[in-house]
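Listed next: structures, encoded as structure tokens.
Consider the two complexes below, in which chain A is the common component and chain B and chain C are the respective partners.
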Partner chain A sequence: MSKAVAVEAVGMTMRFGAFTALDDVSIKVPAGTFHALLGENGAGKSTLVKCMMGFYTPTEGQMVVDGKEAVIASPKDADRLGLGMVYQHFTLVPSLTGAENLVISREDAPKVIDWRWERRQLADFMETMPFKIPLDQPVSALAAGEKQKLEIVKQLYLGRRFIVLDEPTSVLTPNEAEEMLGLVRGMTKRGDLTVLMISHKFHEVTAFCDDVTVLRKGKRTGSGRIADLDRKTMAAMMIGDQPIATLDSRAATPAEAKPVLTVTALKAKDRTGLKSIEVDGLSVRAGEIVGIAGISGNGQKEFLEVLAGQRIREGGEIRVKAAPYASTREQSRNLNVRFIPEEPLRNACAPKMTVAENISFRTFDLGRNGKPAAWVSARAIRAYAAKLIEQFKVKTASLSSPIQSLSGGNVQRAVLARELTGDVDLLIVSNPCFGLDFAAVAEIRARIMKARNGGAAVLLMSEDLDELMELSDRILVMSDGALVYETPIATADVHVIGEHMAGHH
Partner chain B sequence: MADMTASDVPAPLAPPRLSGALAFAARRAEGIVIPLAALIAGMAVFSLFLLALGKSPAQFFELMWRGGFGSWFSVQNALLRATPLLFAALCVALPARLGLTVIGGEGAIVLGGVAAAAFGHWLSGLPSPIVIFAMGLAAMIAGGIWIGAVGALRHYRAVNETISSLLMAYIAIALMNQLVEGPLRDPASLNKPSTHPLDAAYRIGPIPGMDVHWGLAVGVIACVACWVLIDKTRWGFAARVAGGNVRAAQIQGLAVGPLIVGFCALAGALAGLAGMFEVASVQGTANASLAIGYGYAGILVAFLARQNPLGCIPVAFLLGGIAAAGGLIQRRMGLPDATILVLQGMLFIVVLMSDTLYGRFKVFNPDRWKRAG
Partner chain C sequence: MENDIGLWGVPLAILGGAIRVSTPFIFVSLGEAVTERSGRINLGLEGTLVFGAMAAYAIAVETGSPWAGVLAAMVAGAGFGLLHGWICSFPRVNDIAVGIALMLFGIGIAFFFGKPYIQPSAPNLPAIPLGDWSSLPQVRAALNVNVLFLLGAVLAVALWWAFKNTKIGLIVRVVGDSADSARAMGLSPTAVRLFATAFGGALAAIGGAYLSLYYPGSWNERISSGQGLMAVALVIFARWNPLGCFAAAMLFGGAGALGPALQSVGVTQGYYLFYAAPYILTLLIMIATSSPGRQLAGAPGELSITK
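Let's turn to the complex of A and B:
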């Protein structure tokens, strides 16, 4: 097996028109090291990687591979030099087996394939791999962790000895993530492979990587050996000196707190319409956050849609404060039920309507006395929105700007402003921090905690276990459309939760 | 939630009054300037077509001006032709606010006309205000059911409303032919099967001082009322939310189904009124002449007006004028009747293409002004 490749990018600059996405960034990844690339959304991580792999032609800058200057004008050039990339989302053909996926990915795959010979070759190749993956099953039958490993094996099979991993653990359970990263770590240690991993999870970076480079707003703000850096220093490099909201301490949930949300034997079709989700025995009390963990696609989205009235309920019962709940506007208004869905621009806003109008979605049909009114007052809408924009520090050019012109964090702030104003008794939240920057994430979590301490019952669905561990009072696991595990936060163990997420119980 | 936990961002708002007004004007201007430019561009393309035919564009547009807008006589002619377009355009513009593209207003017009003619005949002998009211109501119900059904199919059965409304229009025309040649036929109508002619007492006359019937006034009022409905009432606001993002509307608990069916039914009811006025003011009877493409011309009007009911008024007048000039152009320039349709088609294509220009010009986007300085 050939040896790991050393890669260095020198003075990379990338301009898109007047916008500088990457400003004189250098990064050095010696052969056989595991290097982390940290940075917030929009810091320039993917731009840097795309420049290195030949997807973009940098405005300025050079690549050095194994000590020699290299011209990488296209992904083909990168391939020839042994440089490869594993994307965040899988690029395997689901209906083909692992073996078939590997063979067809080869550029020199013959027109007529001698499968028996190829299988023997593959078996020999797999002998040299630390990964054990069943190659004779269709990829669709593999677990997410196995698919991710197969993606890496594919890069090695194609002869790549420098691999970029783009947030490789975002779809894995903690156990799968640890196993996969451990194996990769082993390969770099033996000098078989060099890895550059894009990540935002500090615990993975500190546990597995040798070196780190941090980007912020297109510039390199720091780098060094992981051993010499602590989390705080790295976070400071990532976000600069902007202030970060801190969580309020957790007020004790009163022992006599009444259940606000009860779900019994709820049934609904899932996204495909072929399977059903069934949620039974869920109850959320006032003043507690109940977190629902699960890998994406296990019915959490459908469950939220049923609660929000976006999906038809086929059976079972939802009660809010003992009253049957059917997601009408009157009920959610009277019972103080609020929703913060994921991807707010797609699920909670009308992108082309103005910021002021979007902030008024919950209240536009109320008159000054709080009673339903036929006439909508544009002036009242603007006044209300102006007040909330100030309170929640939504950054917008004007009240009349379409909400789609705002940054993700500010769209989420606008939605929070709308949903968290007034009395909240039940708050249903889904992946609230997906794709947001550090400061926005901290602020949004602080607001959720504040709502909880204010006496709201909070149902929090999240694919981010760290977030659930930080916020929840109890954690439930959803797998294959059902709640399969429950634990109070005091006894919550990431690995046990991970096993239930993967359906291993 | 008054106290803050996070970063200190200065509130960016509170612009001075003058620039606020300017910003408001700029945002509004986009929806006027771009369609106007598209209109001019469309006419330029049409000029090339005329040149290719060896005809003079200058003469064409001079005749168009004279035949459609140049004299009181031609203005009235334009207004007369604009009247059904107002209703037909609303039949497109109202569902459009909910994100629906309904193109089958023709069907509601036809059925509205037949229903009005039928009731005018059946109630013959009753006092005229009652009969005229009943005719209008029948026309609105017929049209409302027709387009309301399109909305219901869309929301409850996920049937594409563009296709279904078009097919429903064909069904409506077939239904009209069936009725007019069968149960509702006036035996005296020999060459062109028609319903019984409406009694003179039940016909709707001209607005005093004009040759244009009352339908024009009703149409203008309908446009203004629809604008008020959309811009000033909570139902209109809810419709805009649902049209802007149906998931956001659902999560706010807005009754999306009733909104869609209601707006579609209202749209169809207004188109039905167009048919009623064609019968009661123009033709005096319902026959195949009801289906002469007003419903389709209304699509062009609504798109040119950016689905804004107020905008439909001047645009309908403009297209009414172009149509009114058709006869003159035909006689003087020796061009076939279809020439006007070619012009309409070209305008429509250019207007649709102009849709991609929105948001591209800094002039219309006050948010981007400051960064330039």
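Let's turn to the complex of A and C:
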């Protein structure tokens, strides 16, 4: 096997019109090292990587590969120099087998494929790999971790000796992530491979990487050996000196707190229609956060859709404060049930309607006395929205901007403003911080904690285990459409939870 | 009578009928299988089939060669496929709507150009008498196999092999299953689909040529009885597998021969009902193999009906 490649980018600058996405950033990745690239969303990580791989032509800047200046004008040039990239979203073809995926991705794939010969070649090649993956199964039958490994194997099979991993563990369980990163680490140590990993998970970076480069707002704000830096320093490099909301301390849940949400023997079809989800014996009490962990696609989304009234229930019972709950507007209003769904722009907003209108969805048809009103008052809507925007610090150009023109964090703030105002007895939340920056994440988590301390029962579904560990009072694991494990937070162990998520029990 | 084979005539007639009637189904469904495997549906194949039948007949009349007619049909069919593929390459164009438009266009334009060719008679495509060993006329009739049927059988195996063992086959499957992956590999999904649709059109037109040049063997405006549309259903039934397409085409051909076969052994009542057998079979198969909530196994991921 050929040897790892050293890659250096010098003075990379990328301007899109008047906007400078990348400002004079240099990064040096010596051969056989595992380098982390840290930064918030929009800090310029992907722009930098795309400039290095030839997807963008940088306004200024140079590439040095193995000590020699290199011109990388297109991804093809990057290929030739042995530079490759593994995307966050898989690029394997689901219905093809692993072997077919590997062979067809080769530039020089023969017109007629001699499978006997190719299989032998692949077997020989896999001997040199630390990964063991079944190559004769369609990729769609592989677990997420196996797909991720196959993506990396594909890069190596294509002769790449410097690879960029773009948030490679975002779809993996903690155990899968550790195994995969450990194997990659081994390959860099042996000098077979150089890796640049985009990440925002500090624990992965500190456990597996050699060096780190941190970006903020298109500038390099720090770099160095991981061994010399602690998390606090790295976090400061990432977010600068902006104020970060702190989590309220957890008020004890009163012992006599009544269950607000109870779910018994709930059944519904999942999105493929082939399987059902069955949720039984879930109860959330007032003043506690119950977290539901699970790898995406194990029925959490369907469960939430049933609770929100977006999916038909086939059987079972949902009760809120002992009253049967069928997700009508009337019931959610009377029982004070509120939702913060994932992808708020899609699931909780009418994207083209104004910020003010979106904020008043829960109240626009109520008169001053709280009774249904026949006439909608635009003035009352604007006054109400203006008050909430002020209170929740939603950044918007005006009250009448369409809500889709807001940034992700501000859409989520607007939804929070709507859902958390007034009496909240039950709050159902799903992946509330997905794709948001540090400050917004901290603020949203603080608001959820505040609602809990205010006596609301909170059901929190999240694919981010760290988030669940931080917020929950109890954690349940959903796997294959059913709740399979429960633990109070005091005894929660990420690895045990991960094993249940993967269905290894 | 020594030639009377009694009720044995029914299965024999069904076999013979299956071979005779299935050929257009084989070609149209193989063509549609290739197009759909690339991630696009061409519902216009009925129009391509009718136009192919007309083009083949006209050219055969003019040149005196049925093979020139088949070739002309293929060129015309590829043209229809290219037109479909080209229109669908624009953003936000729905391939199903375009297919329906092209179906009506193909039928209409075939009638327009075909008027002068209803009267003259064209030379037929040759058949190979595989039943010469038998003294029974029924056996001889049933095993009088057209060359195109044999070509269709060979083509089904060839396509099945090519989807697994050739670069082009894998590329078509990649494009049909994940356009993003294809782009990441540097392939152009639009170009691949354009050629896959053209190929499918050419094959569908051969099916039409068979209709006008062999069985029933004349050109008129009622030449097709919906083979082009039913073949689309066949492809789904066959799970996009060329060998499955061949088997399904034989099944449909056999069902289509049920009516005439019963008639030939003297069933005089209700045999019209059996003429409807292929259509009823289509309905039953679609009901049996579909479900409101789940995706079809083996469906190409980029197909607009399964997405």
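The definition used in the following text is that the second predicted complex is superposed on the first by the 505 of 505 C-alpha atoms of A that agree within 3 Å, B and C clash if a C-alpha of one lies under 4 Å from a C-alpha of the other, contacts with A are read in each partner's own complex, and residues count from 1 in each chain.
One rule holds for everything that comes next: a contact is a pair of C-beta atoms (placed from the backbone, for glycine too) under 8 Å apart; a residue touches a chain by one contact, two chains touch by 3 or more.
From a predicted model like this one, the values you see are computed outputs, not experimental measurements.
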{"item": "Partner chain(s) touched by A:Met63 [first = chain B, second = chain C, both, neither]", "value": "neither"}
{"item": "Which of chain B and chain C A:Leu172 touches, first, second, both or neither", "value": "neither"}
{"item": "Partner chain(s) touched by A:Ser405 [first = chain B, second = chain C, both, neither]", "value": "first"}
{"item": "Which of chain B and chain C A:Leu122 touches, first, second, both or neither", "value": "neither"}
{"item": "Which of chain B and chain C A:Ile113 touches, first, second, both or neither", "value": "second"}
{"item": "Partner chain(s) touched by A:Ala397 [first = chain B, second = chain C, both, neither]", "value": "first"}
{"item": "Touched partner set for A:Val93, first chain B, second chain C, both or neither", "value": "second"}
{"item": "Chain A: partner with more touched residues, chain B or chain C", "value": "B"}
{"item": "Touching partner for A:Met501 - first (chain B), second (chain C), both, neither", "value": "neither"}
{"item": "Complex contacts: residues of chain B adjacent to chain A", "value": "1-2, 4-9, 11-15, 23-24, 27, 232-238, 240-241, 243-245, 247-255, 366-367, 370"}
{"item": "Chain C residues touching chain A - in the complex, by the definition given at the top", "value": "164-168, 170-171, 173-174, 177-178, 180-182, 184-186, 291-295, 298, 300-301"}
{"item": "In the complex with chain B, residue positions of chain A that touch it", "value": "242-246, 248, 308-310, 327-333, 339, 341, 346-353, 357, 361-362, 364-365, 372-376, 386, 389-393, 395-401, 405, 420-421, 439, 442-443, 446-447, 450"}
{"item": "Chain A residues touching chain C - in the complex, by the definition given at the top", "value": "75-76, 87, 89, 91-96, 100, 103-105, 109-113, 115, 269, 272-274"}
